[in-house]
Structures are given as structure tokens and as C-alpha cells.
Amino acid sequence: MSAIVFTLRHEPPERLDLSRLVPDVLVELTKSEIEKIEIGTTKYGSRVGDIFRVKGNNAANVVFEAGSARFDGVGTGMTSGEVRVAGEVGAQTGRLMRGGSLLIEGDAGPFAASCMSGGRLEVRGNAGDRLGGPLAGEMAGMKGGVVIIRGRAGERAANRMRRGLIAVGKGSGDYAGSRMIAGTLVVLGKAGAMPGYLMRRGTIVLGKTPTELSPGFVETGAPEIAFSGLLDRWLVDEGILDKPLLGRAPRRWGGDNAVLGLGEVFVKG
Amino acid sequence: MAVAWIGNREVTGEQAARRAAELLVASSCPVFSLNGDVHAWRAAIMLAERVGAAYDQLDGGVLARELALFTGKGAITVAPGEMRRRADCIVIVGELPAVSRGWMKELVASPPDLSGGGKRDVFRVGTGLGSGKEIAAGDGAAQTLAALRAQLSGRVSAVPVKNIEAFRKALEKAAYTAFVYSGAGLDELGIEMLQGVVADINKTKRAAMVLLPASDDAWGGALVSTWMTGFAPRTGFGRGMPEYDPWRFDVARMIADGEADLHLVMSAGKQALALPRKMNAIAIAHTDKPVTHAAVTIRIGAAGVDHEAVRYSSRTGTLVLVEAAKPSSHLSAMSAIRLIAEALPC
Amino acid sequence: MLTQIKGGQVIDPATNRSGVGDVWFEDGRIVEAPRDRKPDRVIDAAGCIVMAGAIDIHSHIGGGNVNTARLLLPESHRAHMPRPIATPLSNAGWSTFQTGTRYAQMGFTTVVEPAMSPGSALHTHLELADIPIIDKATLAILGNDDFLLSMIRDNASPAMIEDYVSWTVASSRALGVKVINAGAAAAFKDNVRTFSFDDVVPFYGVSSRKIVKTLQGAVNALGIPHPLHVHCNNLGVAGAADTAAVTMAAAEGLPLHLAHLQFYGYGTEGKRKFSSAGAQLAEIVNARPEITVDVGQVMFGQTVTVSSDVMRQFSARGTASPKKSVIHDGDANGGGIVPYNYKPDYYGALQWAVGLELFLLIDDPWRVFFTTDHPNGAPFTAYPAIFRLLMDKEARAEAIATLPKSALAMTTLPSITREYSWDEIAIMTRAAPAKLLGLKDRGTLAPGAVADVAVYRKQDDIANMLGAAAYVFKDGDLVVRDGDVTHYRWGKALRLDTPVEASMRKRMEAFYQERYGLSLDWFTFPDSAILRDEPFAEVACRS
Amino acid sequence: MSKLTVRGVEIEDTFAEAFGMKATAVIITAPTLKWARQAAITMTGFATSVIACGCEAAIDVELPEAQTPDGRPGVRVMLFSMSTDELQKQLQTRVGQCVLTSPGSACFAAMEGADEMKLGSALRYFADGFQISKKIGGRHFWRMPVMDGEFLCEATTRMTRAAVGGGNLLLLAETSAKALVAAEAAVAAIEAVPGAIMPFPGGIVRSGSKVGGKYKGMMASTNDAYAPTLRHLPQSKLRPDINAVLEIVIDGETSDAVAASMRAGIAAVTKLGPARGAKGITAGNYGGKLGKFHYHLRDLLP
């Protein structure tokens, strides 16, 4: 058995909805059925076969040999197996993902890991706005799993996150961790303005002291705690950090006092 | 007087509509930027459905921000008329749209007449109307609202809130407090923070928000869109059924990312439309010359001036009929859209 | 085009017709079977039941609060997802387009939006105008408005009050008058949080009872066919059955309609102090011929509650699921949008059972109406399943068997064996609503009536049968075939022809100028505002 | 009974009889090993015998920084009991009173098994609503604000049903001093064996017991057969040259851990030789009727 490989025939003429090209769905289908899946989102009406050459038969391992910013919904709802994109993807990659592993070797668009509840998403490049966040109307964002962005994240990373961990390597836009319900967001590099705005609970770990915190956050000093060591150790073991970040006595702010005030922002002490 | 152009060539409305219909049929991903009265929106959304288009308010960013509170959180709101008659404490949060400043000035100056009446206390976050006590903490409205909400709930803020004691007293005394805001003056999270301030006060007292939309016509369009498709603008019919996605169907983004291949712009406004050179475009505009870079231009009159119109009024908080101030024979935006719809193959 | 619907089992209680036969219509009206003409079109209705188009007297299908609910819940709509999948409310007929489509598919041809705030009448009518196929009507809400409350406080003459009611109905183009938790929306603005029938609105000193009695008198005096439509106080509260009982007692022999009585059928017995009072309320209704009610049946699943009872909705915010809501203090009225998920737990099971008890224990199908208070008890798309529960006691027993025993111990439902007959269904959904609303031209297949006809192919499964009509005609147009809409057309809004006194218009002009700083023109509109040919059809008042 | 002799130490050909028990374990960390040990010692104080202490508990091993979840020095503590409920109760009470209270401490799960034991999830209420729940790497932790920072405690640990209690060695010596030397040597050797604890003081018990007694209600009474001052009685098992007997009692996570401990203890005592330590080694049993685990000394010789 060899991986199912999708080779792009040409740059797609429209945004593509690739949400069905995941192991859980493909395992049920023959090659010709796969080629007939409708993936267009406009009047072009593209099907898989129009856009991709398809080969291979092991649905547990899905590879897109090239990427495109028009690939939306890659890895949607997957529960197991591996999906890899050798390039960039569009919106909502890893949306509602429950298990398995998804690797994006290029950049990802907005709403990556939207409402994900399990599994592991790694983006080698940058991620767009609202990483892990809910779509319009939904009440909670990411609910579990691990997301690693090696590059930068856009605005409002971890918006309304409820559980799980997001680690961003090279900084983020404004309002990181907005409205977090719980969970953990780690941003190395520089985070934009007012991280944690409207957060109820949860943990934001920053690589650099924030330039602008909302007045809803009040500094709680730098007592020695065990949790920072626990988190550091896990991040290093997972290959997310090269060396411990927070140490034993990180600086801490409690907030957002505008709401529940049970969240926190950590920076190395 | 010319009514329509194909390129720079004067044509009849019907000829222009036929050409526009051809372009719409040939287009794989048409996008609509809409600005107009309620009937114009109704017609445009029906056309969008027929041709598989995505639609958005013209410059729809602020509208999307105003809508996000209602899709993501909800609110406690009060009608503007009820605010006028009842609110004995008014807080103006952020900057107000120019169109609302006049009647808001009149409103804050008039006394409430219900619930015993009395005089109004006026506060502001930001410059507001220039009157009233300023509530401030930090650099912007989002910071101030965060600090204010923390303090009003008995929690601590990192920065003191200017005039907090005066505001506390006013709230305690007030029978009804109204917070007036606009999407033009507050960002999405600032609006949500304001919602939280109001929700907290309602645990023991009465208070509500009043949205003065940056554009009344945009809000009217949002109402129409919501009843016709179930969704606010930034909805697309590319797959036949309406899909709502404020990111994907942000028409400016779709054009910038090269996804759209035809742009229909409907604007009853007076300002000249600036269309990108490379984009195939249909302009339905209040103009007396062809719109630059438009393949088709159809001239329309102004709603409520050249023709009777139904529009959203932030002064009443609902739709109102506006009679034609100077009736003329100019097409309404709705009629222009319907001309195009009639030219479509069945 | 002369059409013959041939050989169906025709059920038309208004004309006491029940048996195999034909129905003929031409030019949008039912006609006598012609002696010497051949039909232009023959519809073979053998094996089918043929009834007039159904009429829903209470369904929140349009207007400000309904639209706000749509805005609040984009995630509930199937189209929000990349592909249609089963999401909450996905079958609720959520847009105006879907509302018309789904109602027509079930053979409903007239639907009443029961809660139009007169201040947003233009919005409501524009929205209703965009609901295809079916005819619509509205009830105008009064009873929390400053103008009325001030008149009652100041002992205005009944004639003055009637003029005001008449002006409101005419200017808002309504078919009747509704009062919602009379006085509570006004009291809530003054920070009152609970409100009962004999409580008094602050500032006005007027009781809820007084408001209801005043409006009941005015509606009756004006000859408005539909009795005052009352949404009682204390909706949803354990013990609300007492409130409903005192309200019914206050009818005092004059017609009074109580909306969604199910939501008041709650007693305070048992460990949880929550029990069914359905049987007691049914008994009161049976004993008082001046009372009519609709049920507001609850069905399990996700929905959203949409109500102008702003005080009740405010207090229900804590139960919102998902956790978001909109509460609006409107001009005079208000509204609250609170999403809710009815679960088959103790409380949900009792709510479900109370509704069915009302249906089955109220003897007279002319006085109990078929509603879910869409979308409050359930989306109207749940109707076919409810018809099955009413007509098939085994289906009902199966459903009961899945519910908590502790809840079943607090209701009489398991002991009820009644099954609705086709005649009774036709009365409850056709003949009786037409009579209740004063719509002489529908709800019947009598010659002269509009040719609104629903034809259902008989099947064992009543829900399947009534969920997808074989044929539906609206004004004689074939609009549904085999459950699918085949033709879209625009219906009309039915409105009363109440008179408007010039003096009242003057008073209103002065009122709006003085209190709002605006001309009355901001609050009224001509028919042309709807921009449809003949958007309204007039219904006569009782003379 | 035949005798085996190793380096001059006589080893009786008999067996230790032990019982199935339930066991759980936690890792306690602190800013220094001293304070990790202190918390552990306090927590395992008065936990010598299930007969009156509710559980038997002691430090299993010390863990260097690299081997603890939070990168601080720590110790692994094991608790043994006959019943799941009692074990849960003892764990909760002891961690709550002795670890939560100890400066800089944190507490983590350190046992595999099918059954869950509440740890932080039972203690979190102490934080009065200010507790923080965190899930890291699939593990669930509670953080409770306290006066020197936070008490970090894993939500649950596990319980094993494969544990064994009551492994033992009896060391027979000429003098009290020699008996103690031998016992200390055995304890030191057994401490190095992972998965086993010796719950008595310093790992040693001098009041070895028999089942029952003449007084009503006594579940155990003095082991008269090995008490030197009772050598004149018929039941005495002591030779004339034996004047002191000390016992090592061993509870193990597994039967193998008990066997390995006993093997290490015998090796250490025989290495010492009869001149400096014990002249003989034996073990306690009840004739094989009460416990299902039998450790024959002849199988455990060095």
C-alpha cells in the first residue's frame, strides 16, 4: 500500500473545499469515486479529477504534493492517519480535527485548527488570523489537541479557545488569546497589542514582555511555581522549544479582570 | 440625458442590462459590492442567487464588525425612541457616525419624559459629542471599557478610571442607562466588552446598548440579507445554496486574491467609485458619466431623492419609508438590478 | 383554467363534507361542479385525502425579533456548513424563502405572524412579503405602549381607546390584536423582574388585568373578528397554571384567545415542584365556551425561543443554549431571543406531555389550535410528527416509553387513549382557524372560497403523509407536487379594514412630534412601500 | 528444617508468606531534595501497618531533576492498603495535610493501573474557586494558589491491584547491636530496589507479630517464638546464642519487586557475615494458608 498522493495539475481556478479528502472519508472510496468528489466552491464546479492527479491506495496516509492558498478545509474532521501538504493551504485547515496528524509545510490561512478537539497540527510556515478560533456564531474555539506554528500567527490566535495547546514560534498579531475560555497559548517572539483581552480562564505564555496589556490584567509578581517547569519540560520534550522558556519563577499577570479574572499571562522572570 | 454606458459608449438601459447579464452569465465567480436602500438590496440578493454570486456591503469591514456582536455574543439593546423617552443616563462610547451626531446632540439636550422624567446625565468614552464627563483609562476605548467593567464589577484594573466615582453615582441614581456606540468608533472586541458592561449592570439595574451603525443603509442591507438568506452579508451562492463566511465572502479580499472574475458595484452614494483597472466590472451608480474601468455603467438616482425608498433609520431603529425629495425619472437601484435580472436567460 | 380534483376523500368540516368526491376550481376560486363543462385539468386524487389549505394561527415567521434570531444563530443553519448536514434548526425553514417553501410542502397556505410590534410594521410586512407562496397575516401588539397605558391611567373613554386600537390595527395593517404579558415590558424597563395578572405597572398605576380587559373590550366593540390574543403573564413558570386560570376567568363571557397554553400548564407538585397542570387547564377550557387556545407543543431538540415577552426572556437568559441571547427594549414592546435545547429530561418530558394533554383533553376541536408557537416549542417543521402523535396512540405510547418515569408520574398523558380523526384534524387546522380569524374565504372547500387545496396521498405513516403533500394549490396555482415546490408565487398579507378617525390621526401626529421629535410619517407607510402588486388583502370586521 | 549456609550465615529453608494488596504512588517534588523528602516523610509517617494506620507507606526512590515532571528534585512515595476506598481516603488525607502544606511542593501521579485515584481533583476545592485546571500532554493538573506560590497537583493517579504486602526477613543475631547492623545493611540494599518500600521505622520492625492473641479483639500479638526472653517456653524457635531478632517488612508494587527486595536484603546480610551481623536469616509465614504469595529463601540466595 502506498500513500494516496494528490498532485496538482494546475493552479486551481477557484477556492477548493478539500474537507472530504481526509483518511476517514477516502478509506471508503475507490480512485474513480475520489476523482468525482466535488471540491469547487463557485460556478466552476471543480471536481478532484479536474484539479489533481490521484494515485496510491493507503488512505491512512494522504499527501498533497504541492499546496495552494486556495486549498480550504484540509484535514477537516480527521480522526486518525496522517495528512501532509508540501506547500501552503487556505482557510480552516484542521477544522474540527479530532485525531491523527496534519502537517502543512508552507503557510496556512485563517481559522487553522478551528474548533479542533484532538490530534496534532503542525504548520512550518505562518498561520493566518483566528488560529484555532470558532467560525461566526460558534461559541467556542479549539477544544483539545496540539497546534504548532513554526512561523507567525495572525490576529486573535486562540480566540475563544477552551482546551488544548497552541504554540507559535515567531510572534503573533494583536489580541492573542482573546476571549479564551481555558487552554494554553504559547507565543515566542513578539505578540501584538492586548493579549488575553476578555479571557476568562487559560494561560498565555509569551516569549517577550508584552508591549501593551489591557488594564484588565494586573501583575501578580513572580513567585516560584512548579507549573512553569512542567510546561517548559513538556514543550522541550515535544520539540516545540529548544530550551526551557519560563524557568522557575516567571513573571505573571492575572486577568482579564473585566471578566472572570482567572486567566494569566506569563513571561520569563 | 444618458442613462447607461457600455464602456464609454452611451446605450439604453436595456442594452446595458443585456450586456451586464451576459457578463454575469459568463462569469464563474461574480461578486457584488452593495450600497443602497432596502429594495435595492432585495433585488440584488435575488440576482446574486440567480447568478451564483457572493455579496458584501460596499466597504463591508465596519458592518462585519457591527454584526459580529450579534452573531457571536448577543446583546441587551434598546430602541432609540425608548432611549430618548426613558434614559436618564447616556454614555457615548467611541466616535459616532457624522450622520447621527446632529440628532444625538438634540437627544442629549432633551429631558426624558417617562418614569418620572428628570434630567439626563451624560458621559463619554472618547470625545463623543464634546459634552458630558469623560470616562477614561488608558489610550483607547477598548482599554477604558476593560478597566471600567473590572471596576464596576468590584474587581481591580491596572489603570485607574477617570470619573469612576461620578459614573458610579450616576448609575446608582439612574432609572435607565443607555450606551450609544458605532462600529466606526469601536473595534469588535471593544464592542463585546461594552456588551459585558451592560450585561453586568443589568444584574441589578437597567441599561442597554444602542447601535448607531456607521451606515444606516448597510444595516438595512444586513436586515434584508438576514431575512432573505438566513445570513448577514458576506454570503455567497457559489454552490447554489447560501453560505455565510465573513472571511471567504469579503468581496474586497476576493478581488485582491484574484478569485472574483466580475465585480458588480451598486452604489447610490455621491462619491465617485474607484474600480480597479484589471477587474471586469458592472457599475450601478449615481453618476452622470461612465464609471472608470467599468465594462457597463447604469445610471441610477439617489434613494429618497429621485425616488421613494425604504431605508433603515438609526433614529427609529427600524425601517422607514423615505419619500422622494425631488422625484425624477432616474432608475432606482432596484429597477436597474431588475433590468439586469430580466435580461438573464431563464 | 377549470380544474377538477377527482375521486379523493374530501374532508371539509365547514360544509359537513366527508367522503369520496370531487373538488372543482377556476380562476383561483372553488366552484360548484359544472354540469356541462369539461375540466381543463384533472388531478387524480384517488387514494388521497383532500382538504382546504391549512391555516396556522400562531407562528413567528417574520419581523424584527425573528430576524434577530437568524442573525444570532448563523451556525444553526445548514448552509453554514460546507455541505448540508444535520445541524440544529437546519430544518426550521429559517429564511423567508424556506419558510414559504416548507409551509407549502405541508399543505399550509395561510400563516399568522402573531407578534408584530406596530412600530416595526413596515419591517414585518417587507419580510412577510418575501415569504413566497403562502398568504400571511399579523397580529399587532398592544398593552405595553405608553399611549395606551396613559389613556387607561387617565380614564380615557372607551371610544377613545377603540379609536386608538383601530388606528393601530389599520396603520400597522394587522388582522387582530395581541397583548403580551400585559404591562410587563413597560414594568421591566423600570427594573421590575416579575409581573403577575394583578400587579401594577410602575409610573402608570395600571394592572395587567386592567390592560387585558380594556383591550378585550375594544377589540370586541370594534368587531375585530379574532378575539383578543393573550400571551399571559408568568410564562414558563411552575405554577403558571394559576395565572392562566385567573386570566381565563377574567374573560367573563366575552371571547378571549390564550396563546400557547402549554407554556402555562405547569403545577408545583412533586419533589421538584414542577408538574403537569394540563388536565386542569383543559377542564377550564372545556367549561368556558368563550375561550379558545392554541397549544404551543414542545418537541425535543434544538430551537430558539423568540418572544416579545422581554421580561420572561430576560429571566430565561441563564438557560440559553448555546449561551447567547438578545434582549431588546423596543418602542412600547420588546423582545428576547434565547436559543434553547429541549431535552427529554424530567422538565422537557413534562412540557411535551402538557401540550399533548391539552390537545387530547380539550373536547372541542373548534377551540383548540394546532401550534408549536414556532420556533418556541419546536420549529414548524415538526408538525408532521405532532400530527402522528395526535392521530396514532401507538406512536404516542412508543414516544412516552422513552421518557423518564418520574415525569410520567406527574401527568395524565399515559392514560389518554383519544386519537384525532381526520375530521377533527381538518377542523383544528382549517375550518376553525378560518372562523377564529374571520377569514370567510378560506379553511373550506365551499364554492366561492379561495382555491387553497391540499391533497395528501394516504399512507400508514401519518407524518410522512402530512409532511409532503401530493398536490398543493394556492389561489388555484399548483405550487407543490409530490412534496416538492414546483412553482413560486407571492402571497398577500391579510389585513382588517378597521376605520381610522381623523381626530386620532391628529392626536398621534402630536404625540410623536412631542415625545419623539419626529413626524408621524416616520412611523407609518403607504402600501407602495412594499413594492409588490397588491401586497395586502382586506378582511372585513364584524358589522 | 534443613539449613542453608551462605558465608557462614545460616538461612532457614522456609518462606515468607505475603498478601495481595492495592497500591498507589505519587511523585513529590520541591525546590530541593530536602523539602521533597520532608514532605514525603511527613506524609508517610504513622503508616507502618494497615492494622492501625489505614495504609502502609514510605518513600520508594529518590528522583533526580531529570526524572521528575517539573524538572525539580523529587521522591516517589508508595501507599499500600487492603481496600480501594481506604487507599483513596489515605492518599487524599495525607497529600492534603502533608504535601499541600509543605513549602514549594508539587505532586504527580506515579503509578500505572486500571483504577483511578483522585489526587488534585479531590484537593482542588481547597483553592476556593481560584484553582486552575491545566491539561498538558494528555495529563490533567490542578494549580492551587497558596501563600508561597502554587500547589501543583496532578488531577489523578492510578492504583494497581497487583501489589504485594508482607514480604519479610527475620534477622537473628548474637547481640542487639549486631542485629541492628545487619538490619541497616538490609534496609540500605532494599532501598535501592525500585517498586518496594519498607514501611516500619527506618525500614525495621522489632515487634514482629503472630496472628491473634489471648486477649479478645487483638488482631496480632507479640511474636513469642522469636522473643529471646521467652526462650524458656516450648514455642521458642531461638537457639541459645541468639539474643536479638529484627524484621524487615517489604511491600512491593509487584511480587517481583518483593522477591528482588528480599534477595537484595539476604545478599547484604550474608555479605556482612555472622561475625559482624546476623548469624541466621529466616522468614515469617502462617503455614502457607493465609497469603497467596510465598517467597522461599532458598530461591533468593545470592
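First chain written, first letter: the chains are A, B, C and D, and each begins at residue 1.
Criterion: contacts are C-beta pairs under 8 Å (C-beta built on N, C-alpha and C of every residue); 3 or more make two chains touch, one makes a residue touch a chain.
As the structure is a prediction and not an experimental result, all values here were calculated from the model.
Visitor: Using the stated contact rule, I'd like to know whether A-C or A-B comes out ahead in C-beta pair count.
Guide: More C-beta contacts join the chains of A-B.
Visitor: What whole-Å value do you get for the distance between subunit A and subunit D if each is reduced to the mean of its CA atoms?
Guide: Computed from C-alpha means, the inter-chain centre distance equals 47 Å.
Visitor: Centre to centre, by mean C-alpha position, how many angstrom separate subunit A and subunit B?
Guide: Computed value for the inter-centroid distance: 32 Å.
Visitor: Counting only Cα atoms for the centres, state how far subunit C is from subunit D in Å.
Guide: 75
Visitor: Mark out which residues of subunit B touch at least two other chains, giving numbers and ranges.
Guide: 71-72, 244
Visitor: Counting only residues that touch at least 2 other chains, which ones in subunit C make the list?
Guide: Counting only residues that touch two or more other chains, subunit C contributes 72, 74, 80, 82, 324.
Visitor: Please list all residues of subunit A that touch 2 or more other chains.
Guide: 135-137, 139
Visitor: Which pairs of chains touch each other in this structure?
Guide: Result for touching pairs of chains: A-B, A-C, A-D, B-C.
Visitor: Mind pulling up the subunit A residues that touch subunit D in the complex?
Guide: 144, 163-165, 182, 184, 201, 203, 223-227, 229-234, 237-238, 244, 248, 262, 264
Visitor: Within the complex, which stretch of subunit C touches subunit B?
Guide: 62, 64, 66-68, 70-72, 74, 77-80, 82, 84, 94-98, 119-120, 122-123, 126-127, 130, 146, 188-191, 202-203, 314, 324-331, 337, 515-518, 521-523, 525-526, 528-529, 531
Visitor: In their complex, what parts of subunit B are in touch with subunit C?
Guide: 38-39, 42, 67, 70-79, 81-82, 84-86, 103, 106, 110, 113-116, 175-176, 202, 205-206, 208, 222-224, 226-232, 241-244, 308, 310, 313, 315-321, 323, 334
Visitor: Across the complex, what residues on subunit D touch subunit A?
Guide: Listed in rising order, the residues are 29, 31, 69-72, 104, 106, 130, 132-137, 141, 143, 148-150, 152.
Visitor: Residues of subunit B touching subunit A in their complex?
Guide: Where subunit B meets subunit A, its residues are 27-29, 52, 68, 71-72, 137-138, 142-143, 145-147, 149-150, 153, 155-159, 189, 192-193, 196, 236, 238-239, 244-248, 257, 259.
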